[in-house]
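Two complexes, one shared chain (chain A), two partners (chain B, chain C).
On to the complex of A and B.
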C-alpha cells in the first residue's frame, strides 16, 4: 500500500504534493492527521505497540511485575521525567533541542529545598522563576541571536550546574525540606490509589495535548518546526513561538525538579545528570521527529513509560547494572531514528 | 532590528567582526597571559607552564578531531563518552600488557567513531542525533564494563602519564605530534581539501565526484580515535580508569575551542592553529579563575558566558 503511494508521489514529481502531504509545511508526514497508511501507523503507535509487547512479556516472565505496588512504582518513577519530556516535545517540534533540562532539574531541586524553609509557595515560586528565566535565556539566544540550539543549551547546562554549585556551597550542602511543609503531602500522598504526581502528569499532558492540537500557539509550533522561513512569511511570530517553547521547557524542568525535591525530602545535588538524554530518547521513541514539524505529546508519555518499564525490568533482573539502561536507551534512540528515516524516505518516494 | 539608518556602525561591524573572528582567540590568550603575569603570583615558572601544558592535553587532542568533524558541517557530542569507553578498555585489558590495552582502547574509540560515521554518512542521520545516541550509549556501555573507578598500577602506563623526554612530558610530545599531523593532513593532503569541500557544499562535492560518504566516515573514525587517545592519556595521568567522571561535559570545551579558534559551526573552513589557541584559551581561563580562588561554580558560569559570546561572534561568518 505504501509502495503504491510512494510511486505515485514520485510519478507526480512534486515532493510536496503527493498524497498524504496535506499538511504543507508541517514535515514529511503532513499535519499528523493520519491517513491510515502503515508508515503513519508505525510512526504514531509504534512505541505503544512495543510498550504493550514489553509489558506482556514482563507479566509472563517476571513474578510480581503486575502487582499494584510495582506498577505504582513505575508510574511515580516515570512522573518527573514525563514532565521534562513534555517540555522537550514542544522544543523538538520547533526543530530545536534542549540539553539544559537535566541540570536545570537539579538546580530546581536544590533551590526548592533551600526555599522550602520559607514555605510551600517559595519552594515552588523560586525554582519556577529561575528555571523559567534560564529557559527564556535559551529561547532569546536561539531565536533572536540565531545561535545553534545544541550549543546554547549545552552552555546553559554548564551554567545551571555552576549556579547549582553556587547555591549549594560547591555541592557540599544538602538542604533538607522541613517536616510539615504544606506541599509535602500534596506530592507524596495518593488519591484513589494513584499518586498525586501521576495525576499531575495526566493533567499536564492533557493540557499540553490540547494546546498543541487545538490552539494557534500549537499550530505555530508545528509551522516553525516544519519550515521556519515559510512560517515567517505566513506571519507566524517565529521568535516569540520559539522563546515560548524554550521557556516552557525550562519551567517544566523546574517544576519536575522542585516536586522531585519535595518528594525526596531534600535537594540532592547529583540528581538529574543525564536526564535530558532520557527525555530526548523518550520524545523521539514516542514518534516526534527530531527534524521538527511533527510530533505529539501522547507519544512522549508512552516513550517515558517504555523507558521506565525497561528500567524496572533491568532492576528486577539481578546482576544487571543500572548503567545498562543507558545502553538500551541509546540503542533505542538510534533504532527509532533509523526507522523514522526509512519510513519518511518511503513516504517521500525517493 | 536591522539598522538601516546607521551606516557608520555597519561599516565598523563589517570590519571588526571578521577581524575578531580571525585573531580574537590570540588576543584572548595574550590578554590572559598578561593578566596572569601581573596579578598571579608564581605564574612565570617553568613548573606552571608544564602543568598547564599537561592539563590542556585531553581537550586539545579532542578539539583536533572535533575541528575536522565541524569542518564537514557535522558535530560529535560523543567524544566524552568515547574517552570513558577507552578508559574502561584500558582497565579491562591491562592483564595482557599495557601495549595491548592501549591498542584495544584505541580500536574501541575508532569503532565508536565508525558507528557515528556510518550513521551520518550512509544512513543519513543528523550528526547531532547519531552522536547523541553514542553519547548516551557509550557512557552506559563503559559503566556496564567497568562500574566504578579502578586504580591502575602499571609501570608502562605510569611512565606514559608522568614520564618525560628532553624535559618535556610525553603527554605534551604526543599532543604536539598530533597537532603537526592534523595540520599536515588539513593543509597538504587531498583528504584535507575534501573535508573542507564537503563542509562548504556537500551537494557540490557529490556532483564533482568526491567520495563524500567515505570521507565523512573517515572523519568520524579519526574523531573517535583522537577521543580514545585523549581518554588513554587522561587515564595514564590519573593512574586510574574512571568511566563515570572522565570526559563529562568535555565535548563542550572541545566544541568551544574549535569555535573560538575561528572554525564556523556551519563547516566549510577549518583552522587548526586557532583551535590549538582556543584549547589553550579555555585552559588558561579555567586555571586563572581557579588560581584567583573562584569556586568551581563561578568558573562554570564564566565558561558559559565565554562560550555564548564566542559562538555569538563566530555566527556572523555564516551570513557573509
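On to the complex of A and C.
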C-alpha cells in the first residue's frame, strides 16, 4: 500500500486540494445525507412505531387486550406467518418475489399430517424435503433459466396446489395427526409461558438476522438485489445466491406448514391460501424495498405482528366484520409504500 | 507524464498478459478477429478504437465475461481461460466499467469489501471493515462516511471506490473503461495521480478513452482496434494525434487534418435579431439560482460550466421537464404558460437528453417506432396513425441523418451508440422544432458519428433553428457555438461571443472565482442542506 499512500498524499496536495471537496458536494449525488438519515429512520423503525401506537390504543380501548391469554394468542397466530415472512424477506431482498409459499404451506400441512402416521421424523422430513425442492426449482428457473420470479412462482403456486389436491384426494380427505405424536407437545406446549412456535420464530429470526447482516451470504443477497449486473461483475455468485434464497423460502414455508398441521392436529387443505400476500405485505410494511437491495428481518417480524394485532383488534371489536381486516391491512400497505417512495425520492434529492 | 522504461516492449519479467489470435463471434458479427494484445508490467496501455471496433468485447473476453471462440491467452506466463468474471478477478484482473458497477444501496465500506469482508469468529467484523475502508479511501482522496450508502457519493467518488476495490483485490491488471466520462477536471487529476501510483507499484493499467488529451498525458503505449482487428500497437509518443485518429478511422491522416478535430464549420449567420427562445430568471429549489439566456434563430448557444453547475438543469427547465420556483420562458415571443414537456414540445422546444439510455431510446422498439414516437400526434388523423406518413417521415430522417441499421424495423438496442443518438435526434427533428436543446450530444459515441452529429448541428442552425449546446468537450463548445454562456452554481457567470470564444477564455471563465471562496461557498451550501457526510474527491 505504501506506494499508493505516497501518491495519494500528492493527490491530496494538488493545487486547491481543499476545493476538490466541493466537487463531491455539488455532484449529482453529493448532498442529502441529512435527509437520508431521517428517511432511513422511518424506513427502519416506522413499522415499530406504528405497532407501538396501535398496541397503546388497543390497550386503552379494549378490555383484556393485554391479558396473557390474548397476547399468547396473537404471538402464536403470528408465528407461522412470521416463518414464511422470514423466507420472503430473503427473496425480496434479492429483488424477487415468491408467490408459491401459500400453497406450499398448505401442501406441507397435508404432507405432514399424512406422514405423521410414520412418526415425527417423517412428519417433518417429507414436507421439508418436498417444499425445499419446490423452492429450489423456483430458484433454478429464475436464476438459471432467467424467467421472471412472478411467473415462475405463480406456476409453482398452482403446481403445489395441484399436488396438495392429489395427496388429499381432491381435498376431500383430511389426514389427522395421530395422538401421542412425539412432535405434538413440542409445538403445542409452552416454555416459561411462551409457546414453542414463538420461541422457534425468535431463534429463526435471530439466526436469519445474523446471517443477513454478518455473513458473506447475506451480503450477496443485498448485492444481487441492489444491482445484479454489478454483483456478477464483482464476483458474487448470483445464481447460487438466488437459488439459496428461493430454496430457503420454500423450506421455511414447508416448516411453517408442517408445524401448523401438527399444531392443529390435522392437515387442513384450505389453510394458507393467500398467506403469501400477507407475507409480502408484512415484509414491505417492515421496511424492505420491493425493488430489492434493502431490508432487514426484524422489520418483517414487526410487520407480521402488526397485521396480526390489527386482526386481533378487529376481532375484539364486536360487530365489525373480520373482512375489514383486509381493508385495514391493504390501506397500511399502501401508506407504507407511499411513504417509502416519498422518502427515497427525497433521499435522491429530486 | 513521460513514458517509463518499460515502454515499447515487454518488461524484464515478460508481458503480464498476452493474447494470440483471440476471436469472438456474435450472431452476424465477428467482434474480435485474431487479436494479439500484449500488456507489460507497470505500463499504462491505451486501448482505442471507434465504437464497435471491439474494445468492449476484448475487455469482456479478458475479464471472463465472454468466453473466446478461438485463440489463446497467457497471464503471467501461464495459459488461462477465465470462465467467469470472478475467476479473472481472483487472478488479479479487475475492471472499472463505464457505468460504475457498484451497488448503490449498500454502504461504501461494503461495496469496497464485498466478497472479502474482514471476519471475526466467521462473522463480518464491521468495526474493522469500516476503519480499514476509511483508511484506504482516504488514500484515494475520498473522505466520506463509509457507513453511508454508496448512492450518496458523487460519480467521481464512486469511481474511486471502484478503483480502490480493484486494488484491494490485489489486482495486477486494472482495466478502466472511459473512466473520466463522468468526472470533473479536479477528479480527473486525482484519478491520474492514482494511476501514476499504480504504475509505480508495477500494476498494469489498460485505459480506454475517447479523449485523446488524456491518452497522451498518461499512457505509455497504445493498441488501436478497428473492426475487431488490431491495426496498430506501439509507443504512444511515436504516434501523433492525427496519425492516431486516422488509424482509428481507417482514413488518411491528411483528410483528418483538413477536416479539423471537429466538423463544425464557421460562425452561423444570424437571420433575425429577435430571439427564438428567451429564458429569464430560472430558479428551482436547489440547482438553479436565476439563469437567464436568449437564443436567436440560426444561432448555436453553448452552455459551459462544470458538472453540477446547472447546465443540464437549465435545459431540462426549458424543456418543461423540471419544476421551477420562478422564471419565464418565451418561445418565439409566446410565453410558455403551462410547465410541462407537452407544452414545451407544442411550443417548438425539443430536448436531446444527456443519458440516452435511460431518458431517450426505448430499446425494444424499432428504429421507426423510436423516431415516430414523439411525432405521433402530428402523424395521425382523428386519433388513427397513418402508417404511410410515418414511413415518409422516418425515411427522410434515416437518409438525412445517415442512420445505419439493418432496416427501420431493427430494434434500436442493437444499434451502436452513435446511431442511437441519431435516432433520437431524428425523433425530435420530426417534430419540426424551433429550438433544439442538446445535452452532451456526442458523449460516448465514436469519432465518426461524432463528426456527423456535429455537422448536423451546423446544418440545423443554418436552417434557422435555435440550438442550445451543452458539452463538457471544450473543443466542441468553441468550434460549435457562436456564443457561450458559462454557468456556475446555477447562475450565469460569464458570456463569451465571437472572437472571445477560445479555449483559454473559456477555461478562465469556468474557473473564475473558483478557488477557496468557492470552496467555502460549497461548504456553506453543504451545511445548509444539512448533509452530514459531505462526500467528495479531493
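The rule is simple: the second predicted complex is superposed on the first by the 314 of 350 C-alpha atoms of A that agree within 3 Å, B and C clash if a C-alpha of one lies under 4 Å from a C-alpha of the other, contacts with A are read in each partner's own complex, and residues count from 1 in each chain.
As a convention for this text, a contact is a pair of C-beta atoms (placed from the backbone, for glycine too) under 8 Å apart; a residue touches a chain by one contact, two chains touch by 3 or more.
Keep in mind the model is a prediction, meaning the values are calculated, not measured.
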First, second, both or neither for A:333, with chain B first and chain C second: first
Touching partner for A:219 - first (chain B), second (chain C), both, neither: second
Chain B versus chain C as contact partner of A:165, first or second or both or neither: first
Touched partner set for A:141, first chain B, second chain C, both or neither: first
Which superposed partner A:242 touches (first chain B, second chain C, both, neither): neither
Dominant contact partner of chain A by residue count, chain C or chain B: C
Touched partner set for A:293, first chain B, second chain C, both or neither: second
Chain A residues contacted in one complex by chain B, in the other by chain C: none
Chain A-facing residues of chain B, complex: 75, 77, 119, 123-126, 128-130, 132-141, 143-144, 147, 248-249, 251-252, 255, 259, 265, 295-301, 303-305, 307-308, 311-312, 315
Chain A to chain B touching residues, read off their complex: 97, 141, 145-148, 150-152, 154-159, 161-166, 170, 273-274, 277, 280-281, 284, 290-291, 321, 323-331, 333-334, 337-338, 341
Partner chain A, residues of chain C touching it in the complex: 65, 84-86, 89-90, 95, 97, 101-106, 110, 114-115, 117, 122-124, 126, 136, 138-141, 143-145, 148-149, 151-158, 165, 167, 184, 186-187, 189-190, 193-194, 196-198, 200-201, 286, 307-308, 489, 514-516, 518-519, 521-523, 525-526, 529-538
Chain A residues within the chain C interface of the complex: 1, 3-8, 10-12, 14, 16-37, 210, 213-216, 219-220, 222-223, 225-227, 229-237, 289, 293-294, 347-349
